[in-house]
């Protein structure tokens, strides 16, 4: 209750009542229809950060949970962590369901069982998610000569943090909670500089090295054993709009990357194009057309003076 | 008071007195004139982070404050949050004023009323800042086909975090506290990967998508409804120096971007050039000369083998 | 012990025993040989973050420690902070030594004295590390016209955060704890977007401006007074593999950058090439061949339509 | 998620599965009927401690809230603190209602509106509770020659802490939530050594000096301007039982103390007796019979050898 | 690292070096022989408080752990809490063993396995301790007409807190760690005002009502189904000394209380006397001689004027 | 900023504006003259609790500070802890000086140097306070047959906690800050059940065993080597009042206890009487007259039926 680092305000204060009233007026102008007759509690970024720590700990208990687990304690830890985490997630899912585009107040009574079913479905998928993540770890080990061991990869590679968040965010998106999925994606983005839209479909054995500045768009489809480096963009070329100029949402507009492709740092790949299986895209390349299997695309040279 | 995770040091210790003495000698060599006869307390990054959370909460109470506010409680929340936050800011402003280039000890008695006046002026500007931020939110909504609602934009878009911080940092810079402004800018940079110097002038309806790697320089002037993508640089081409080779500080050296311009990912725009109204600058473009209104600049193609 | 934000689970629960069992089976498939007969406790990213705060505070007490230190208290602060921090580090080093590639159980008894010797050696190097960092601060002051003072540089420049972490990580790597070094490097990467492998050798007077997206590889050798801008990559061109296709680890494969070189934003420099003393590499340049002293390399121009 | 001060368990562990199973068997033996078909979430002592801090702060904002409030901020603080605190209380009341003796599962749907009505009724009573507490403060000021000011009394007197908690606990008891009332009473007891059952009826101007060891029973009735010292017991003499030897709960069995009575340290007053208005009960007195108005009861003298 | 509520010290400071030196001299005078050639780390009251919370939670999971446990999660919670808690206890036991009167440096190598054996033995006893505590709960229910349910007794009765701590402290004392036992006893004493020496032997079905001021000495022997009220002392009459006047430690000097005894508030029972089975000792009684079975002792009446 | 355990309030809320207004009216009735033209910031119980932890740690570094200190680190710890603690104390003293009875607004400018002088004087006294406390520890060791070592006494004896707090509170009272002294005394009272007014003068070698319920009044004078047990009261018999019936504050009204006196549990000693050197006062004795040196006072026996 005490706030020790606040100075006493000067005697005549900050004109608080005036500022509060002006801010209220600003709110009333801008979102007059906010409530729509019901109070909707937003999901919490802070709680979702805890949830992601909990799910990561359940998936890789000694690396993301506690380092002191042994054979007799590890299942107790996993079970308790899941109980704790899934309970928090249940509450966040319930909140998020209210923000779905199609939600209206008549469905509110239905939210609790839908939230529980969503959480149960995610829990059911966790072992498969762990399997996919293990393939990603193996890809990192095989792809980076600087890696000295699995523990280093789990603890120090932002690309692993990004894919752990993405695989869970993608599952939540498919289970019908896009707002939670986006929050989880941005939590990973803020921590790693890697921005993967939760809608992107990504196959097993995926590895991003260094990672800062990578952007992977909503409708990307990425095959197995694909490797990206920092600052790669898999983006949209232009945004289809309807006859009124409003953007059409959800249209396929990002690249398809087939199996066994490597894309080097700074490459920009735009539009619903396909990079054929086994291709290599060089650093800083700007690519807006499909390339066949086993292509090798590189940038024009720089000029030296 | 207890520090449970510290091991007992080995019996012969770390040679602490020796190391402490050597570090003192290192300090004495390097900043002999540190005090200049008075003790100046630095602003605190941690406290400024809290201040930015408080101001964000006062501006958008349900999204950045608490999700459970209703009509009878929201003004109490806003008023209390401002009281709390502005008191902390008052103390930070007072500290920061001592670090202004022109400050000397003779003015110290004057700092408390100057700090209070600065805080009061910022409070007065908050409703207008909120108005500008609302135009930024609308720009995000109109500019990104992946956005599903205002709540997603407020909670998940690093570009929004960046502009919230910038508009407050810019106001504090103009009110005479550049060190606080820079700290706020770097708090946003660390969280979003977007580096906007607080001196940059940015019009309403500004939107940065994805954002990692964006750099906007100190003397940029950006019009209304401008949209940037990740890794765009609006930088200086070279730095004017005086006859002794010392850099001239504060000279206009960054681009002017007029209204309704879009700059795609990775474009580099350098020097005091002007991008005319309504222009589009393509991804990865390298631009060091002014372009007229409604220009369309794009990169040379890559070579495919 | 209370967890107030967890909802009661629905009556039929999450099928926890089933999920826990499936996760156990997933772990057993993927790392059957984890223990190798001993329980190895991993280093903690959270504790290392505290250690880096403590070492930073010991090096620059008023900027990274407490702003209220004066002549009679500063050595007490430094000595106590080192005692606290080096004790924590001792424990982390002991853990990390177990993860060295060559470690086996027969050496475990030896770990405590080796950890203590490592910590003592690092403590001994701190004054020299401080000297190098001071040269980096001076380089920042001389290289950025927007800088208004040393305090701004220490508090607000991500490039300084990155080099403080790197110089300590590099020392720890040379002292035989690569896993700690990598964790420290990634702590800095997550906060700044600057990814410097701890193996890189970097001379005095080093400055990175803005910094997001910079990547500096493991075997880089960088001279004195080198300046980089955001999104510069000093990377490997390709990875030597042995006859079985396994990557050869630790081979020199990254650039040598001689003294007094400036590399502008977005430049990509790949392979074991040498950039001669006094050269300037322009923004977005793609460079895979050595250049002589005082070269000036710039990008081909963009096309305007 | 990390627990840094936990040692690695020895290799053969603690036999956790065995201990967990034995504890489960112990639970199953002792409370086989715990659930009664529904899961009831207990109120939280920790949350109630926060609630009492919040209500105390709303009642005496500068003493129990924040010391820096001024005329423009105090109502914002009070309103926000009440919003925060009453929301927490609402949840605790809902939980507590499930534990009422008469509660059964068929009423669960009804709990949310009943909880809200309870909280609203308590909020309505707060100004009157504050009035009664102010009379208690005045009694402390008039009764203790060592008191130097109202701030000392509010901040340093355990008797004030006890009566603040009691007046709120008593109100909650009358509003139908005895379990919360008892928890609040024990929070005060643990902090002050003063044990007042929330059922006790206490008039205005009540003061307990020093207070350690005071016990005031469930069915006490205390008039106005009564003063007690440490270790006074107002207890039951014996407990009426039914024909089966089971204690009868809720019977009047504690003293009635009329207005203007003083009871000195260590006095023990037992049974449904009446201490007449204006009486004085001496230290260490043992009293089990009613005394008329203006009585003066003192202990037999000690023997000196 | 920041300490926001510390003022800048005045310019001439606190004469810290002088005060530090004088305190060092004071330490050197008073405990010249402290180290005895080895550094002994003291147990931590704060960590023991966490350990007691953890053990309490393992014994009564929904009341002292988390209220949201259900059939599928409760064993995971108990197992994980024990793993966490017993690991912390292991470290505290190891420290405490160094402080045993007979400990010397030659035994230090032996401490780790002895600590682990101690913890394993305590874990083994937990189900029996739970059984004894359940008999104490039943005694509270049967002995207090104000009790409304088992949850109230577990959450609100200081006598239960005291006996939970005592039964564990007593077990640790018997397992050879008296310093931990005393710390746990004082943790309970500070919270409840009930001071039970861990050496006291206490039978099943024990209940203390109200409790403030109760003192139970080291060599007390208490039978089954004994009930005490506040401020009861079971103490020593005098302390046997050896021929040099030094107190003899550990001699039987406190009362034996047989089964089914009730001792009312404020009674003082001193010396190695026996209170026979089924006796009742009245409030404020002073008793220094044994009484036979089924005695009924009460105080002389007070004098009324 | 998030408050996860607050439920959404019901739709019609708590009538907050009404309750806030009623509470404001209640405040305006009861302390109309609160401000007296200046805003006075109250000292903080929470901060004083930290200050007492810091001073205790500076006095007994390994027991109340950190257990891992060794010869090379202990002075750094003591010096840093004092810097930290005395800075906090300086701020609290400055606040407290405003609340002295004689303070008025004209003296406010003078408060900062007076606060600094007060803190400096207390720091100067710390070594002597430590000496007195060491004599108290020796008295505990000699007086309690259950004590097994100095560490047990420092860590587990509430009487030691009480006298550590008292000796500092008494010094602060004499230095002119009675409000801080009283807060410190009540912090000790809440933790130990021992209530010593900071005005009491207490000689060296003082020991209170068990302690719950001890009360020592403002004007007590206690000699050297005095020992008290639980529930001893050294109180006032009656309070002198002036002709208007107002209590006279500060008059000598509590006992004088000469050297080498022992007072057993529950004894009540009232009024300005003298207990002669070397006397023994028995348990539960009620004493209101002076007794000569070497007296032996005991209670009348209880009646047995």
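Letters are used for the chains, namely A, B, C, D, E and F, taken in the order the chains are written, and counting of residues starts over at 1 for each.
We adopt the following convention: a contact is a pair of C-beta atoms (placed from the backbone, for glycine too) under 8 Å apart; a residue touches a chain by one contact, two chains touch by 3 or more.
Everything numeric in this text was worked out from a predicted model, so none of it was measured.
Note on B-D: across the candidates A-E, B-C or C-E, the interface recurring with over half of the contact pairs conserved by residue number is A-E. Across the assembly, the mean Cα position most removed from that of chain C is the one of D. Of all the chains, the one whose CA centre sits at the greatest distance from that of chain E is B.
Annotation: 24 Å between the Cα-based centres of chain D and chain F.
Computed centre separation for the pair chain C/chain F is 51 angstrom, with centres defined by C-alpha atoms. If you average the CA atoms of chain B and of chain E, the two centres end up 55 Å from each other. Shared interface positions of chain D, i.e. residues touching 2 or more other chains, are given as 2-9, 11, 14-17, 20, 39, 41, 44, 47, 67-68, 70, 72-73, 75-76, 78-79, 82-83, 87, 193, 212-213, 231, 266, 284, 299-300. Those residues of chain D whose C-beta lies close enough to touch chain A in the complex are 1-3, 6-9, 11, 13-17, 20, 53-54, 57, 64-68, 70-73, 76.
Taken together, the chain D residues at the contact with chain B in this complex read 4-5, 68-69, 72-73, 75-83, 87. Per the touch definition, chain F reaches chain E in the complex via residues 47, 58-59, 61-63, 67-68, 70, 74-75, 78-79, 82-84, 86-88, 90-91, 94, 112-113, 116, 119-120, 123-124, 126-127, 130-131, 134, 142-152, 155-158, 191-193, 210, 212-213, 229-231, 265-266, 283-284, 299-305. Of all residues in chain C, those touching chain A in their complex are 3, 5-10, 14-17, 19-20, 22-27, 30-31, 39, 41-45, 95, 99, 101, 178-179, 182-183, 185-186, 189-190, 193, 195, 197, 199, 212-213, 215, 217-218, 231, 233, 235-236, 239-240, 247-251, 253, 266, 268, 270, 282, 284-287, 291, 295-300.
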